[in-house]
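As written, the chains take the letters A, B and C, and residue 1 is the first residue of each chain.
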Amino acid sequence: MKKISKQAYIADTAIIYDDVEIGEDVIIHDYVVIYPNTVIENGCEIYDHCVLGKLPTSPGVTSRKIKVEFSKLIIGENSILCPGVVLYAGSKIGCNNLLGDFCSIREECMVGNNCIISRNVSVNYNTSIGDYTKIMDNTHITGNMKIGNHVFISVLVATTNDNTMGRIEYNEDHVQGATIGDYVTIGAAANILPCVNIGKNAIIGASALVTRDVPDNKVVMGVPAKVIRDVE
Amino acid sequence: MKKISKQAYIADTAIIYDDVEIGEDVIIHDYVVIYPNTVIENGCEIYDHCVLGKLPTSPGVTSRKIKVEFSKLIIGENSILCPGVVLYAGSKIGCNNLLGDFCSIREECMVGNNCIISRNVSVNYNTSIGDYTKIMDNTHITGNMKIGNHVFISVLVATTNDNTMGRIEYNEDHVQGATIGDYVTIGAAANILPCVNIGKNAIIGASALVTRDVPDNKVVMGVPAKVIRDVE
Amino acid sequence: MKKISKQAYIADTAIIYDDVEIGEDVIIHDYVVIYPNTVIENGCEIYDHCVLGKLPTSPGVTSRKIKVEFSKLIIGENSILCPGVVLYAGSKIGCNNLLGDFCSIREECMVGNNCIISRNVSVNYNTSIGDYTKIMDNTHITGNMKIGNHVFISVLVATTNDNTMGRIEYNEDHVQGATIGDYVTIGAAANILPCVNIGKNAIIGASALVTRDVPDNKVVMGVPAKVIRDVE
């Protein structure tokens, strides 16, 4: 059953499956596809060609088992999705977020409020992102990762969650992305290895390779990254 | 008002808003969306799912103020836009350009003639790119950047424009991308920091981190990059 | 002439050109565009906005000559294409493959069976990829490259095929991507230079710059990469 506000504007070419809720003053542009079990709250704008609520699927090649039941995909009030955004089932996107062209967020992620997730950013499953956090263009955010509030992650940053790189069987015990504290700043093309803990207000230099924990309020640089000074 | 040449071929599924001009022998493929204030000059081919003339929008989370009025988006003669290209309002794309799948160019950029901007390249606002310049796949080009003629920028290159990485308030005085001279060559996965000046005909090695100015005709390599020899 | 199985489900909004074959139990979602000379084998699922069988085109700016005739694009049984995948003419994609959102594969590539090519991965022309190989998000795979079986290539990996970076005229004699042996593992943000040979079961560390051949069963790390130990 669809529950669509009369105060929403929906382009004739948008495809809306059953079991979708769309709030007041929502704008849905052309050629958007919205799969079942999706909620779009008041005031959101969804640009052309977005695909929302897709279930993850696999012909048997993914290491991680794929669930078949998900809670609702929720897109919070006043968020804007630029052309070509893909959001998978069961994620909760907060309010006032800006998602850039072709960013893709996998299933069961949590995104807070007032964030930017920019163009071509790919976010994997089951990752949480706090409030007022910005993730810039062409960056990859891995699965099972925790990113705090007021974090800035620059362009083309790599993050990963499996130190064995698939060489041993998938197991959530060892597959864990980094934990990024509040107010952390990560420079362009940095590379954050699995399981590391980046302390609050730390700064990671451009092109740094972060292989171990970074204390609060420290600046690290280099390949591999070393502490070079305190944050002023 | 639309001004569409009778010598243009436009797929039935293309959505064309008012105030769009389309020249002779233009081909517009399926599911293209063209927003107002867009000019497509003679001989262009626009592949499926492109979105042209989108206004930048924000729910209040972007640091830089967003303008509301823009001059026309112009796509110069004989340019080809591959599937999924997104061009924002007020940019001027020259003639004979090839834009790859899913490349996205923000508002008020200038692109010269005979360029390639390849797949998944994201270009930010107010950047200029000269003639005969090639920018390869998955690279990010920052805002307020100047790129010369006959430049080659390889794949997965990072460029940025804010040394404070958002830690102090946005101000165009300090937010400035690199300046890249004519005939410069930049290797794969290089990282070009804000405000640096790369001299004419310089070569930047693969994976180099460019933290300071590079003289004309020099080869630099390393993290951070150092001059290692003259260009032969 | 179209040859479409009655056991296929095809959305009303899918655009299917002549000379397309679609097998049994295929599902084609909304706004997919399928150009001529494309074969989709039994059991495939093609998600929204995919573009299949596009011919390469250029306004004269590409260094490499573009062919005008191609053999058929074939997508093997039970493969799944996520939203926005673009496949060019003349490639052969095997069975049971998963292609992620917005991945784009150029003309005349060969992909084996049981592979993952993930989101925003761009693959250039005439490259071969073996069976059971995984290429993770936002990575670029160059043209004229050979990738073996059971290979794992992590996120944001750069590969290239021209050591002159376009400074001398295009010639297939010198334009050659790396050769990657079976069971190789390549870490995040690694950079693999042209023509190198990576031996079987080697491991390339995260952020490594691979400038020369890597022997079988060795672990290499660093910028430039050096052998640091045997694979255990």
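Remarks
As a convention for this text, contacts are C-beta pairs under 8 Å (C-beta built on N, C-alpha and C of every residue); 3 or more make two chains touch, one makes a residue touch a chain.
These numbers come from a predicted model, not from an experiment.
Contacts between chains leave no pair untouched here, as each chain touches all the others.
Homomeric contact subunit A/subunit C is classed as different-residue, with under half of its interface positions used by both copies. Seen as a C-alpha superposition, subunit B sits on subunit C after a turn of 120°, to the nearest 5.
Subunit A and subunit C have Cα centroids lying 25 Å from one another.
Multi-chain contact residues of subunit C (touching two or more other chains) are listed as 13, 31, 49, 84, 102, 120, 138, 156, 189, 207, 223. If you check the complex, the residues on subunit A that touch subunit B are 13, 29-31, 45, 47-49, 78-80, 82-84, 96-98, 100-102, 114-116, 118-120, 132, 134, 136-138, 152, 154-156, 185, 187-189, 203, 206-207, 222-223. On the side of subunit B, the complex with subunit A involves touching residues 13, 15, 31, 33, 49, 51, 54, 57-62, 84, 86, 102, 104, 120, 122, 124, 138-140, 142, 156, 158-160, 165-167, 189, 191, 193, 207, 209, 223.
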